């Protein structure tokens, strides 16, 4: 099969199926309801489970229940809905269950808007819910990449028995791009009998639980989770380098949709101004490519960093921490659902070079 | 020697943490007996709530899943939908089911989820220390209704069976009471009926069990039984409110 | 090589479809594409638009501030998008519904009676979007027009009469666009 032109949200739905996820619980919310619509059509025909819940609260708790039985399961939503899911997210992490969440981020806070935003970075990477836990967070930048990382998300969730979240925005969900499902295959699932609630026939009983009334036991469990997140930091960091080969003076940092705009701006800027600027694009937001930025900050050719986000400065804090602010970290953002355009991003890059005196 | 009484196979040998006189133990045992008698232990998943019975998962010797406050019907839905061969029940108190989990129980019932819900109504929040529940009786004193429940201020107690009965989707809805042995036997019969409907993949089933909370009511156990009879029974009539056959 | 084309008009004028046909054709031709719609409440009755980016390399920014080409199907779209076109760009105007043209002199403007061309074949203006697409390809053959015809064959294949009619509208408009380009 060749490439097909597909809407992002539908590609996300199809990718889940290709990943071996036949269970989906959700509640409609713009701009990603097309994922639910797509799976409502597809799943019943292939023996899967589709259920529209009464709320995001219930949808995510259904995911909790289904995940407990060891099946591949996911839900999708957008920012306000994700907030309602934070309860279940915490329980799922606390019960160490694999599950996949997709957040098609929209502008906030509150009801906000429905247009693209990256205002949920803090929520996704640091505060998905109460208690000591993390999500593994993936931020694909185009439809094909979203498909590829949907496929990877399930085995990752199973490897760590921890929820994985993919973040995108309305642009990725609504736009159509060529998608190739040819090289996309699901990874076989490991054995779940030792923990899943499938009925205790011929084995000890299993328990899905996040309650530890004994503080010493809870502390030990928290430490176990911390070890898990450290292992993710060691093993799962993924990022892309763009135009980094010639030791650029300025290193841009952007993810998702914004990174595409930055790439265009870099191409045009390099053509027009003959100055060297590159991009580090985090693909995993947690674990964040901390080391690569820290190493770059110590390099003499790097004079400054430039962060572009559709937020008031969320990933910015991680970049500042990663670089220890050894070099200036400049920031440009659009908010409210406005995607920065290449021209204004180019102007931002120009200004950074002005500041460093190039 | 002939065994005439023993712990159900579906229960562990843990000593429960319940207060003297509490009816949770009775209700737990009845559920376990039904699971034993129906021979479904090896394919049963129980959903434990938040509330006094949060530790249900320690007492039941079956696969168990501990849920968030009020969300047990949604968790049960998730389990049952992906593993329809399992017998899935939730066990929930009145704060859990009738307050924070109102949406979840109504929609699970309305979808006709093939699950069983055991609803313990003791007219108060137990675990958090005796606060007012949606089921607290008019003028009943609790720590958050220290002058008695004022129905003009916070409305009347919610009757869950009566509410669920109005839903068009076929279901089994019954209310029983644990205040004396005779009624307890009837309560177990209702539970058995409920699990049987699920086992036949027939319908959503729901059994409310009127229960006592001597500690938080501030009434000794035996007198608590009287209080249940005098105060709760007139407001919460016993019986079968709905069967799937009604709708056919 | 990169083209950015914005299609704009009333919801229901087939704006999204015209863009999709172009994106599909370009993808089949081996190019990189992105089709980006406007979405949300503004779709209901108001102005709808989509932007197609066609490129010889992976599409960077899917957000285009100044497209090289705009196809406007109603008056509000002309007012909104004519000013955004890059200098030396192209503006296709549906003259069946828009009497005016843009005041700009640095762009190439083509008036195409899209609704009329559809009406002449179908009796109704439903395929005005196909006429617009045909004229666009005539003015600027970004990809061989046969690629769009093939897309139409796939989409309308099960209804031969509809396919035939739409192909005619598309080809007539293509010739009209080509002629205007030559005369310029």
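In order of appearance the chains are A, B and C, and numbering begins at 1 in each one.
We take it that contacts are C-beta pairs under 8 Å (C-beta built on N, C-alpha and C of every residue); 3 or more make two chains touch, one makes a residue touch a chain.
The structure presented is a predicted model; accordingly, all values stated were derived computationally and were not measured.
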- Message: Can you tell me, using the touch rule above, whether these chains form a line, ring, star, complete graph or other shape?
- Response: line
- Report the chain whose mean Cα position is at the greatest distance from that of chain B. C
- Item | Rounded Å distance, chain A centre to chain B centre (Cα mean) | 40
- Per the centroid of Cα atoms for each chain, what is the distance between chain B and chain C, given in Å? 63
- Query: Centre to centre, by mean C-alpha position, how many angstrom separate chain A and chain C?
  - Reply: 35
- Message: Among all residues of chain C, which ones touch two or more of the remaining chains?
- Response: none
- Note on the structure: Within their complex, chain A touches chain B through residues 23, 25, 49, 51, 53-55, 57-59, 61-69, 71, 73, 87-88, 91, 95, 197-202, 205-211
- Interfacial residue positions of chain B with respect to chain A in the complex: 41-45, 47, 54, 57, 61-68, 71, 74-83, 85-86, 103-104, 106-107, 111
- Item | Interface residues, chain C side, partner chain A - complex | 20, 23-24, 27, 32-37, 39-40, 58-66
- Contact residues on chain A for chain C in the complex? 3, 5, 30-31, 114-115, 142, 170-171, 174-178, 257, 260-261, 263-265, 267, 339-343
